[in-house]
Structures are given as C-alpha cells and as structure tokens.
Amino acid sequence: MYRFNSDYLEGAHPNIINRLVETNSIQTPGYGLDPISDSAKAKIRAACNAPDAKVYFMVGGTQVNYTVLDSILKRYEGVLAADTGHVAVHEAGAIEYSGHKVITIPESNGKVDCAVAKAYLERFYADGAWEHMVRPGAIYISHPSEYGTLYSKAELTALRSLCDNYGMRLFLDGARLGYALASDGSDLTLADIAALCDVFYIGGTKVGALFGEAVVFTNPHLGEAFFTEIKQHGALLAKGRLLGIQFDELFTDGLYVKIAGHAVKHAMQIKSELKAKGYRFYNDSYTNQLFPIISKQRLDSLKDQVILDDWGPYGDASDGMRIVRITTSWATTKEAVNTLLSLL
Amino acid sequence: MYRFNSDYLEGAHPNIINRLVETNSIQTPGYGLDPISDSAKAKIRAACNAPDAKVYFMVGGTQVNYTVLDSILKRYEGVLAADTGHVAVHEAGAIEYSGHKVITIPESNGKVDCAVAKAYLERFYADGAWEHMVRPGAIYISHPSEYGTLYSKAELTALRSLCDNYGMRLFLDGARLGYALASDGSDLTLADIAALCDVFYIGGTKVGALFGEAVVFTNPHLGEAFFTEIKQHGALLAKGRLLGIQFDELFTDGLYVKIAGHAVKHAMQIKSELKAKGYRFYNDSYTNQLFPIISKQRLDSLKDQVILDDWGPYGDASDGMRIVRITTSWATTKEAVNTLLSLL
Amino acid sequence: MYRFNSDYLEGAHPNIINRLVETNSIQTPGYGLDPISDSAKAKIRAACNAPDAKVYFMVGGTQVNYTVLDSILKRYEGVLAADTGHVAVHEAGAIEYSGHKVITIPESNGKVDCAVAKAYLERFYADGAWEHMVRPGAIYISHPSEYGTLYSKAELTALRSLCDNYGMRLFLDGARLGYALASDGSDLTLADIAALCDVFYIGGTKVGALFGEAVVFTNPHLGEAFFTEIKQHGALLAKGRLLGIQFDELFTDGLYVKIAGHAVKHAMQIKSELKAKGYRFYNDSYTNQLFPIISKQRLDSLKDQVILDDWGPYGDASDGMRIVRITTSWATTKEAVNTLLSLL
Amino acid sequence: MYRFNSDYLEGAHPNIINRLVETNSIQTPGYGLDPISDSAKAKIRAACNAPDAKVYFMVGGTQVNYTVLDSILKRYEGVLAADTGHVAVHEAGAIEYSGHKVITIPESNGKVDCAVAKAYLERFYADGAWEHMVRPGAIYISHPSEYGTLYSKAELTALRSLCDNYGMRLFLDGARLGYALASDGSDLTLADIAALCDVFYIGGTKVGALFGEAVVFTNPHLGEAFFTEIKQHGALLAKGRLLGIQFDELFTDGLYVKIAGHAVKHAMQIKSELKAKGYRFYNDSYTNQLFPIISKQRLDSLKDQVILDDWGPYGDASDGMRIVRITTSWATTKEAVNTLLSLL
C-alpha cells in the first residue's frame, strides 16, 4: 500500500540518517551550542545571502509559529492571517494560548491578498473604537500555502510595503519552503524571502528531515533573546546537534531544493496525467500538494491500495464529490506514482 | 578529551539508532498514531503494572513539565516545589508563562520533605488571606532530584497521603528516572511510582534516547484531552513514530534500566575512589550525578583533558572551593573513567 | 447639547447616589464580605428564583467576560460566539489574552442562531483533524445583543439543549439585561435565564449604576473558587460594598427593571416617530438601542445639538448612508427626546 | 466598635462624595476621555513636576500591578521583588497569570535592599545557565512598603542606578503613597519619585477615594499603547470620569497629602503612647500602619470593641505573642484613637 496523504510519513533522507549514525558517539555541548549546528547556521546564512541573520533551530512548525509570533508581537497585538492559515485553524489555539488573537481575513487562493489585507487595515483604523480592538502587529503567510499555492515576488514585495506602512512585521511560515523553491510557479528565491521578510522559517520536517525547522531573523531588531524564548516555550532540544546535523546535510550541495524538486516533479506528472484523464482540481498547485476532485465512492474503493487525504466536500456535496489532497515527498517512488495513476 | 558535564552529550544507544535506520523508509501515520508507538505504550503500561494508564510521548523535559502542570492544575492553582526544582530554576519561566506560580519551599537534600510541605500547607490555610494567594494544586518532585538524590517508598507514600489530604495532585519528573530505578539508593519500583503518583514521566533524553519523554497518567480523571494540549503547547511531533521507536527499544528486554545501571555503576566507582583519595562531597548521591568539592585551580587545570560542570562556590567561597558535577551516562566508557580518576 | 451615543454617559440613579452618601462613613470589611453585599446577593438570588446560585459582583463587562470564560473553559477550549459578539470584537483581545480562542460564526440578527451553531459543531467533529483544533467549550451570547436584539425563550432553550448535547456551557452576557427584561420583545424572565444558563451576568454599568455587574452561577459545578479568580484577574474591588450598595438599590422594589423600562419606552417612541417620518432601520430593536439609517450629511449637521453614534457605512456606502446608533438610558429626559425628534 | 484593621473600611473623603453628587447628571464621553479626567491628569503632572508624563487611571492596585508589569516587561522577563512584596504574596498569582515570574529576594525591613538586589543580579549573570533562567526586567518596590517602611532618596537613587546598570525598569507601587509623602520618615517628594522611577502609581483606594489609582509613566518609551492594554486586562472603566472626579478632588489644594497626614499623625500618637506603655513593635514605621506585638489573649479580649489585624505569630509563637497591624486612615477619629489607647 502506498500513502500519499502527507509528506511526513517516512523517516529522513539517507544523508541525514548516515550522518546521525556517523556522529552518534561524538560528545558535544547541548542546546545547539555545538560545531555542527554552527556549520549548519553558516550554510543557511550563505544560502539566504544574509550574513548577519540570526538562525535558530526548532523541532516543529506549530512550535515555531507560536514562539516566533509571541516574540515579535507586542503584548496587545494580534497577527493577521488568511482564514485558511495554519495558525488560524490547525494549531489547537497555540497562538491564542500565548495571548494573541489571530485576526483572519478571507483567503485568496489559499493566500493573503495584499488588497484584502489593506482594506482590512484601512477599515480597522477608520473605526472610532480601534483602541478597544486587537491591533494587527504582523502578517502571517505560508509559502507554499496550505493549499499548495505560491506567492510571487511582486506579491511578497507588496506585503512588505503594506507592513512598512502600518508598522507591522512580516512572518513567512516555510514549513514546505523547499517545494516552493523547487517549483516553477514562483520567482522568489531564498535571498528574496530573506530580504523581504522580518523573520521566516525553512521547514525540515516536511522536506526530508526527521524533524526540525530553521528560524531566520533578518530584521536585526528582532529575536535578540530568542534562545531564552525557545526555552520558555518548552522548545529547546537538549541534544540540539540533532537539528544541526539535519540542516547541515540539507544545506550541503543544495540537497534541500534537490529533494524537494524530486517531489514536485512527481506531483506535476500526477497533475498532468489526471488532467488528461479529465479530473478537475480544486485549485492549480505547482508544488507537492495537489487537490483533485474525486468522488467519495472512488476514494473509498482505493483505500486498500493508496491512502489519499480527504479534505471535505466539494461544492454542495450532494453529488458526493470530495476535495482530495495528494502529497508527494522526497521519498515518493516512481512505482508508487505509477500505482496511483493506474488506479485513478 | 572526555566530557562528564552532563548525560546528554552523545547520540542514542545503538539499538535505537539501528531501529531508526531499519524503519526509515516505512510509511506510517503521523502524530504518534502508528503501530510502533502503540507497541511502546503497551510495553510501558506493562512495565508500570498500570494497564489503564494513558501514555503520551513528548520531546523534552521542560515541555513535559509545563504541559502536564498546565493540564492538571486549575487556572488559579500553583505548583509546590523545592526551591532547587527544575521547574523553579531552569525552565526560563515556562510554568509562569503558562500562568501558574511555582511556590517554592526550601529543599531538603534536593528533595521536597513531606514535613516541610505539610508545614507550608498548614500555615497557608491558617492565613486569613489565603483566598488572595495562590493555592497549591500539585506537588512537583524530581526523582532522582537535580542533586542526584532519591525518594524512598516511605517518602513517596507520605507525599501521596499529603496530596490526598489537601486535594492536590502528585507529579513526578523522571527526566533521569532510569538512574533511580537502577540505583541501590531507592526501594521504589516503576509500579510503585505509577501507583503513588497521579502522573509522572519516564525520561529518555538523559537515559539513552536521542530525545523523548514518556508521560504516564495513572489518575483516570486526568489527561483526557492531553493530545490536544500537547498540540496547543507546540509540542506535537509530526513524525511521532520517532518517539515510539525509541521507547519501544528502551522497553525491550529491560534496556532502559540496564543502560542506566551501567552509568550508575561507573558513578559509584568514581565516588568510592574519590572518597578514598580524600575528596569531600556536597551530598551523598547514589545515581549518575556526583557532586565532589574541588578547588577552582584544580578544575581549571583539568579542562583540556576532562570537562566537569562547575555548579558554583562551596561554602563562603573564600578558599576557592567549588561544587562540581560529574555525570556518567549509558555511553561512559571505562577508559574515560580511568582517565578522570587518574587526573583527580 | 444631548448625547444619545451610549447608555453610560451619566452617573448613577439617585437612589444609588443617596445610599452612597448615607453609608459613606460606616466601616465595613473589604472585598464584598460586608452585610450590604450579602443583602444584595440575597435579593438577586430571589429575583432569579435561584436560591443556591453563587453571586459575585465585579466592576465591568469585559472584566466579567474574560474572568468567567477563563473560569468555565478548560485550558484547551475556546468559546463560540457570533462574529458581532462583544468578546469577538471590542475587548482588545482579553479572551485571547487569557489563552482562549473566540470561535466566531456568522451572526443572525446580532445573535447566535442555534442552527448555525449546530452546523458548525457537526462540521467540527466530522473533521478528521478536530483534535488539532480548538474545541468549543462554551457558547457566549449577549442578551440584548450588541444590536439590541433579543432571544426568545424557545431560542434560549434550544441553545441550552445544544450545549447539553455537546458538553458545552452556556454563558449569557447581560450588560444591558435590564432593557431585555423591560422589553415587550422577549418572553424570557430572569428566572428563565437563571434556569437555562450555566452562568450569566446582570449588568449595572449600563443600567443605572456607576459601575458593576452581578455574576450569577447557577450550575453548581462552576465558580467554586471564583473569589480567587476575580483577584487573580486583577478585578477584586477593595471597597466591595460599593458594588453591594448599588445592586441592593437596583434590586429593591424592582428598580432595575423599572428604570430600564423608562429607557425602552423612550426608545420605542423614537422608533415609532422615526418610522413615521420614513426612516429605515438597520434592524428591528425592541430595547434601548436603535439603529436608523441616516446620511452622513445629516449626521454631521446635528453634531452641535445631539451626538449619535456612527456605526459605519450602510450598504455599499456610495450614497453616504450610515448605520447610526441611538441609545436611551434611565436618565434620558422627555426634553432630550423631543429635541432629538425635532431635529431628525 | 472601631475597626483599625485596614485603611479601606469607609467610603470616600466628603469632597469626593460631594463632587460625585454635583456631577451625577452631567453627560460625558466614557473611558476617561472626559474633561474632568483631563483636569485631574494635568494636576497630577504638575504635582509630579513631570509635564510630559503619561497618566492613566485604573480601579485597583493588583490590577495596576499586573497590567503595568505586563506592559513594561518583555515576554521572557520577570520582576524582582522583596519576598514580602504585594505582587509576590497577595495577588493570587496575577503576575504569573500574565506570564511573568516574580523573582523574590529576602526583604530588608519590608523593602528591596539595593545591595541584596545587586548581589542577586551579579550571581544571576555569573551563572553559566542564566539564559535558561528568568531574566529580571524590572524591580518592583512598594512605598510605603507592606510593612509601613519607607525608602529614602538615597535608597531610591541607588535602585535607579542599579536598574540602569542592568537594563531594568523601576516600578513603584504607591498604593499608600500619600502616607509616605505625609510622613517625616522619608525625604522623597513626588517629583523625586517621578524623576527616579520609570513608572509608578499614586494610590487612591487606600488614601481617601472610593477606588482608583493613578498610573504615571515618566519614561517616554513606555506605556505607548497603555489604553488598549488596560482594556485587554479587563480594567477599563466605562464611566471613566468617576476616576477623574476622585483624583481631581484629591489633587486640589493638596487634599491627598493633607488627609494622609491626618492618618499619619494619629498613627504616630498611637505609636508613641504604646511605646510609653511598654509595647514592643515588629518594626519602626513612620506611616499609617503600625505593627505592635500583642498577646493572642489580649487581642481576643478586645475584639468586641476594636478590630485589629492579626498578622501571625511573633518569634517562636510558643508564648502566644502576635504581630498585629493597626491602620489609621483619613477617616480615623480622635474618639476612635482614644478608645483604642484606653483598651491597650
């Protein structure tokens, strides 16, 4: 049986596993204060063309989101996000737990549309009671979005400018950043992202690592005590070198983008063949997540052979059509793809 | 050079590494909902003689402490702890971050003394203003303590009884639990701990795992929504099976206690030889942490050959004497011990 | 000049002022542990036909909302509210500050429609990822709503039943409760509300008091340590008798509903005359808040004579029409009403 | 019967009551945006010789403490306080509720001794693990202290300097500030306090108001969004003018210090006569709180005639001696004092 229901179903890329094995008996200081972590950070700064960036490694995405937002928001500020944003929906209220409201605006193709955000901000400050309301202190975007869609350089530049006009920070959730960098669908480089955002993270968990996310602060006024904030949020890994090892491998010889490209290539093949077979799609994704429309009946009939992710009814649902997520990863094999395509 | 400054300086026990390698390409559901995690939980329940216990895996100790305490405390309650307790000192305020006060009482040999706790509670409820103060809702103990000391079965039973009398819960931090179970210094079994505490955790990070702690709720009224609480605290590992794999290995053929015993044996050898050489100790530990008194000068002279942990001045410090921590682990070698002993 | 922009523009009803003057030099214990507060609580229990209810006095509405919700919600739960609810919009994020998400559903005439709430809950628990999301632990309603509208007994009964089915609590914000009780537009008595809700509050600030809200817990399992929770939320009034005095007066000889009736009568007169003059209304209110549609130009022309509350554009706003709030209170005079009507 | 157990047992000074009566029917905007509040703020700025200070009115002391500290502390910082400080003991954990640890050092005559604080800070930053601990971001002092004692100008200047050296803010809790200003025991003026602290508050509740505290930010970098923070902490009074009215009266013709002086004069008389009668005192107070040592037996024998505040056992308590608090206020009468003295 093959699973296509997410991109964190296997272990890690073999280079990572090998490095873990090789380094297992070495003694290093804890908490990421080891030479391997230093090496990984240097490689990330270089890849971002951001020599002064502060880089921190954390274990998982929700952990990053709530620790970073809590760090960059003032106590009375909230974060503006698309209503489909991970922080708004699937983090069990972690952001609110840290005391901050997630202020949602309607998503546009899974993204924050700059015009929609601007309209919200204009209305907000035009309201006589705005000092009784939650001030947006940052914009949260995910790239690729939860729906596999991508920001263009023009879009990200516009959001940067909006943030500047309203005294807000810009935070990019890159849980699947590799798939964006490897895709034809966006013109944004890692250096662009580093230049345009105040802080962002490069996701490892969903792009070939066992776990791990690299948080990059490029705004020099932010993140000054982030080590302590990581600890305070229960998120400091004792054997921090495990994170260093993984990112050191991912940022050696472009492995990170290379393995993401492998996944995207498979996804694009699946997309093109399903289109040829007449399948409709919920949206047009250029990354490793695809959202075809498939009937409930068909979906059920497959489940002993391939597991896809049922995202809920499509349209009025009376016809039993579902939005389905198909996800590829660094570990997806040609054989698995062929099996999937033979079944659909 | 050899490091004796903590027990999380290396990777993981080879059995764990091997299992990670073997299982690396298998696809499993995320978030700990995989068969390996199920197997590990079953083994832990059996080892605890607690067939109905709820078992959850988390990544690190501070994370466990603040998530568990936040889960078992009412909103207006605090936690009673020794003033040397990890939650009181070295968690960057994670407990307070979650809204709860750590109420400290003076430590007794690194532990919560039942009589001291009882006296505190009596005074507290005798105070006319107690409803304006923070009500102790739980007692936090660490076993072994941060000073390597151990609770006896009689002591833990007394604390259980105190908790019952005051409507409090009893939480045991077992970051180094293996070393207690493997030590001659305590008569407490894992089943005793499961029977006497409401919730406790079995530490993996410091006892041979790459990372990971197993939280065990034996009080059936607690932990009912703990999965969501883990997520809310940013602590849910996507590839949860990594935790399952590690604990499944640690709880196969008694590996957990076996490797802890290896560390304790080395520590006892070091203690006995240092005593023979005339070294004084800050306290009398029967686990893998020792606290000899060593002069600053001597400590400095060693630092190119062995790294020990300087815990601060001993006594009035005018004579330059320091409390030093020597820690052994599953990975400590005979060669390292001999080198250490030859230098001291 | 007359102000109609809210119902907290004056001091307090003369009976309250007189009682403050009379009692000024008496010595009483603090924190509401005085005989006048006891008397007021007894009167409220009687008026609610809830002899076992726990009654607490607090200073203001946002304070009540965030303290009560934090008390009745489990740590991982959020509160379901209409997207126009006070807790969702105008409390500067106090609910999120206390760690809980406000889960919004579209308002129906300013209210939570039971069918809309039910549909939300059904979808929520049908979602495979619901354990990664914020569980609704309570429903928040305001009666009258922020738009002056009212729940019927049938509607409140349906919400009670929905809460029972989903293990949720029902909390009613009665900041303007007097105006509901005095209105012809609802068949709900104070005793009905006490019987159907788990907890609610009787608003004083907007109904003739200087300040003060009476929180009533009728669910015997809730509010057990509420005195301490009030203190913890910074909300305990040292001279608690000031709250007792005000509610003791308001609940003597039906003063509370009597003065609210005065305001409603004036509002109904204004509504009827404005309708006769051809004004349209945003909705149909039977309480002390009215929402006529008035042009920006007209509104501006009045502002030296009467101050109304501009709630923002009506419809597409291209025609300059605004939703305006006109509010009456216990202190509204015939003269003020006549002036207003002569101007519109 | 006379009560001497606290200074918030009566209503308010007659000037305040009269002003409340006079202004009762005036209409003003809410939330403190009224002309009377503006007038009161101007008088306070003048009295503080701080023309640019930001002044905000709040209802009670715990509310001020937790809102101000939450505003001036970074997310990962705690507050340093004497272990007898109000924030450490009697606020039901409000500071921790807002996410910040109260770091306690041993009190010195009820105060923070600069040398003790300095020693704490030196040890803190000398600890290799300080980044895993809670960084002190502010010093909290109360003046007069909870034990009626006073800071000298030299002491406050030293604390200011310590704060500057460690990048900390200095916050003074002036719940009973009037009694300090009216006492012979301190050379600190209101202008000195304004010049030396970053933020402080002038207590009304315990010095002749019904309720109310005036928060004064003199550090121009702090308190910029404090209006919203007040709202977020549930602390914004709808009829804000009630606070303006009270402080406008208290700061007219020096009423605030005048009435505090009345209380202090009575206290000094009681102290001197009790000393003459041979009573010992727990400490030497020059404000309105006295702490004589009285036997339990004697205390019980008085309770139908005067109520004093039993603060607990003195010394080993085997002889039944208690520390007792006697408090005078603006409302204390000669008759009451004479009765008390005749009984002791």
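Labels A, B, C and D are assigned to the chains in the order they are written; within every chain, residues are numbered from 1.
Assume contacts are C-beta pairs under 8 Å (C-beta built on N, C-alpha and C of every residue); 3 or more make two chains touch, one makes a residue touch a chain.
None of the values given here were measured: they were computed from a predicted structure.
Any chain that touches chain A and also touches chain D is listed here: B, C.
Set side by side, B-C and B-D show the greater C-beta contact count at B-D. Relative to chain D, the chain whose mean Cα position lies farthest away is A. With each centre defined as the average position of its C-alpha atoms, the distance from chain C to chain D rounds to 34 Å.
Taking the mean of the C-alpha atoms as each chain's centre, chain B and chain D sit 41 Å apart.
Mean C-alpha positions place chain B and chain C at a centre distance of 49 Å. Residue positions of chain B touching 2 or more other chains: 76, 91-93, 97, 99, 131-132, 228-229, 231-232, 236. By the touch rule above, chain C contacts chain B in their complex via residues 70-71, 74-76, 99, 131-132, 135, 225, 227-229, 231-232, 236.
Those residues of chain A lying in contact with chain B across their complex are 2-3, 6, 8-12, 14, 17, 20-21, 23-30, 59-67, 91-94, 97, 205-206, 210-211, 228-229, 231-239, 242, 331. The residues of chain C lying in touch with chain A in their complex are 76, 78, 89-93, 96-102, 127-129, 131-134, 310, 312.
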